[in-house]
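Labels run A, B, C and D following the written order; every chain starts at residue 1.
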């Protein structure tokens, strides 16, 4: 098909051309005396994205799924109890993993489309008088439903409960896009993948451990080796890696971090918020609902849009993809057919996102969903115009 | 600025990623025994784009501007009379060049926004009973105004006049995008550049000479050397080039020709026509006028849009570029400030073009031009939906 | 430093330009209906490299180190006994991992520079009358010492012992370079990484499991999740992956497999053998010894060269790198300072390898090792000339 | 063929990976307000390579061949007399072009392999009492024979003759590699191409005009348009170009200039001299002769090596290319079959060049030329070792 594919799944996201070019470089000896000049600044600059001064970052040649396992296996022991909340496919999968790895997972079922009530966290932790719960697992942004939890409030809830549990956060679809503050929020392990806000291909798991988490490591008895951060701690201190790193992705990460830090993390957050709000205005103008029911929890990285009764969201995706070369995110698991998703994260501006809104509208019309042509983009673009930065007149 | 630049000037056009990748390859010895395996098929396949079996194609490391000079200098002698028509900046520049090179240029002034009347061509040629006119210079698609001339009708006019003049066509913004038929239309020299429908960076002039033009070469007395196709005729017959070729652009041309021929030239024409008509529907929905006044001559590669009295099109471009990262084409020369242009040619699909329509609308609103938000894309997308190819249902 | 880096560590190897270009492509939706068109042929073609019809291949976004863990964790249960041999840094690390993961590792210490005696394998397995040993772990090619074991003979030894143990092989620096025959040799799990013979950046672990190994999976009790091939078996059957794959590396793998299969695996083996023998002739001409003491076990992918008494191989590497932009492989662990290594695997021809030989010679002379200038390349090039394919005369 | 091609023709030269990556970037609007941020610094930095403060540089989307024409057509009038020297294929071609363009060319025939005697220049100019000679055309480095002329001495000769002729120099295979000093040597027009010392693909002609040459422009009557620098002077002053530029090559030029200026022009010259001398030592060790007969004129960018009587240099090239993937330069015109050439310019270091020396030796042996295996590289590498920069010991 002529013309580019319009990629609006909530990951992998579009890789900026400059990042692809940075990745297009020859391999080097990862044991050479100059290799630390690549690794050490990456680890330092990652801290600026996780917003930490106290924590320590790690980069593994793996994915966000590995990140879940890294967080658990490096800090806990088999049979340990963890507290979690199931409110979408990715929070589900983390829980599922914890079970498979032999942990004792206590979790609330929350209707998909809702998020976590910090009061409930406090209540559950208070109820755990014996401090059996070793970690609280929170999916910051549930990519399947477009729901973002309030990590600051959850931190307060843990503190209010006076509970010593570790605080783990899945930031795969939040870190580098949504406001995330490792130190301020007292996060103990934050995990991210390369293929979302970091604007890279998948293939890197990036984590940040607090000093408390690093300490927990010393008594953790889970067997681990490839995912053992002990080897990374040893090797990283001199700027090396415990095994051959995914060098091309490291080259890309160098460029991606440059882009993020040049823009400034606060600006990155604001850009995502503004682009997301435009998308939500479009959804409203179409007369449709978001899967996320709580406006306080609307995700600024992904919107899951509910198709009206009688329609199958997979048909919308079918037309979008085959007719307009637009890749929309599918509804996952119990949301299959009920929602389609627009990822609005990463290297993105108003007019790129317009393609997704226009294309989604066209595909909805193709399958018979009665939306007013042009209504979505009219609402989105009006919002973006109203909130655009002042521009000096020409000349 | 985050996110990609939306490039909608009518050249250079967006280079497909696959073409950029093809260009990203190491140099080779252009005198090696295998180099002809690159050059010879390029020259053969170019003929399929110019739609010729009789003609001979040439590729020079130069630009479309050089193409104008190549056409003139290789076939004519100093002082020769040529007939031309001035109806936009690029037809103007070709005339200007012919004058600077010492030719005797007879030309009609045609209001910008109009095209060439074939009857007038016939009339002028009939008036030239002594056959002093050696060549008729026709800009097929005037990129400055969005006007496409009817070359078939002009060929008929030349024939009706029984005039032996050579028929030269500037196809810079038409060949590889708009219907173009070298043999059927009896074109003697057609010239193109790499940075428009060929979807490449600028740097190649591509020409096709008819047998009649090749014969005219033998008596042409214009001094020429770098642009002398004689050296190319000699070297090309064995698959070589008379001097070091722009190898990376040749690599890219190989891929670009593959893309064009896989799509099929008729499909390429139809795609451009459909995308252009959507754009024109948007303009109409905005309540604006095209610079081109004759619907029969609407260009399918570029639309020049007239801003209402009291507005300066350069302000629209200013907002589009600095606020939305959208590059629109400027009004040139006497159209400066009066029009902005949307190039809709090359590697393009509906949703890419949507970005230009949405962005142009936003920028117009920013400068105060009263258009209805969403109206442009509503009209364009409705047209594209109506004319989309049937798609089998999912599954 | 001007000019390219000459990368002759035994991994990562030089990535061919065509592979880097293939990797330089935009992301796509890994859940789209067309994604299996990428994944399924990769898995099929990988079988041709592992030389298997019976086995099943897997590609994980990880590294060879993960491959060791994948082989163990997916087939065994905690506390299981495995038989291994320690004769270099990488066989050491696999043993070390097995211990860390809680296996009962029985292993022989073999002097570094020697390989595994198949008779000893037979003897040890025969001694295990109770069949407590569940798997035999063999490092096919010990990258640290340049020793290649005879897997066919070891297979015979296992059979001769009538022992049911699984046969695991680390093929990180052998598969895709050295003769490797999964089916013929009855290998149960073979593991490889992307950054050696596959000519890619690190970031992919590629494995092949025999039916017997797949069956063992069913009773394996090791906790595992990210590295659990069960999820891959499920997802791969439809051409998908259980989590976001490292798409750019998959693009590269597509091209790398094309290169390997176009050359033909037998030709790949022969090329590596011929290039390696040239290197060995150079070493002999220098009057130096290889770390590998058994000519039957000389590695065709890496040569570890012993520097004379009184010299430190790290000085050779220092001069090679800083003065001539040549990256040689270091002596590892107990070989540190005693050897330097030349990797001669991957995308390589005679004249590329000449740079390594010439540069190693220059660096040795710089540190005072008395070798005759030009002697190494004289011996290597003479061998390569003698064994070059016949070439038809010019014209 | 596996492994890279070893490209040692004296142009196109190997493009550094970083330059290819810089070229791999999307097009932009060449009329946008930010485009001058690319063009203006390029023109400024080019002056640092031509070593001029007084002159003005130009970049055209063309080649070195066009450069010859640009120099002549922009400064002279038809029939003007120019003085030249024919001593190789490229000096020949410039003379040929001048004739074809209608100039009155007075030239000496000098045996190929020799260069220009400045005394003869002085003599000829003194003889031109009427100052009919308007320009002296000097090929600085004759790429066909490996002869470099002494431009400073020729400048002195012109001055000694008190002759006002313009001083034109072809620097295609010298500028950016060999010492070149526009201002110090009073050069009036210097021309270069992108595919040699500038380490780019062909496709850019780069020129520098002195103020005297710019003044001569005003009375020059040669017809010209595409190659008329008047349009460049007009457009460049604001950072624009008169027609669509070869943007990808400009991106590459930006990076190439960065590389050259970071290394420092004096270091660039010294590196080329040292690499060339190594090559010449190899030739001497082989017992062969260079085409260049005067050691004062040995070229530091290309060596033309004479094969012994009874051998055909084309056979050497045949074996080098087909057997070892080595591209050597051919003997041109009257040198065909008598010499092969090694280009040693551009992005090059000792070990890259070693491949050419080793490969040339192997190919010579293949065709039966009796050279001692290893002798060439022994001599070259010994010289390079002796002249290597001091290196601090390890650690």
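We adopt the following convention: a residue touches a chain if its C-beta (ideal position, glycine included) is under 8 Å from a C-beta of that chain, and two chains touch if they have at least 3 such contacts.
Given the structure is predicted, the values throughout are model-derived calculations rather than measurements.
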Pair joined by the larger number of C-beta contacts - B-C, A-C: A-C
Chain at maximum distance from chain C, centres defined as averaged CA atoms: B
Chain B-chain C separation of Cα centroids, rounded to whole Å: 53
Rounded Å distance between chain C and chain D, as computed from the means of their C-alpha atoms: 45
For chain A paired with chain C, centre-to-centre distance based on mean C-alpha positions, whole Å: 35
Junction residues of chain A, two or more chains touched: 4, 14, 17, 20-21, 24-26
Residues of chain B defined as touching chain C within the complex: 17-18, 20-22, 24-26
Touching residues on chain D, where the partner in the complex is chain C: 1-4, 6, 14, 16-17, 24, 259, 263, 268, 271, 312, 314-315, 318-319, 322-326, 347-352, 354-356, 358-359, 361-362, 365-366, 372-379, 381-382, 384-385, 388-389, 391, 393-394
Touch list for chain C against partner chain A, complex: 4-5, 7, 9, 11-15, 20-21, 23-33, 61-66, 68-69, 78, 97, 100-102, 193, 195, 201-203, 222-228, 242-249, 321, 327, 329-330
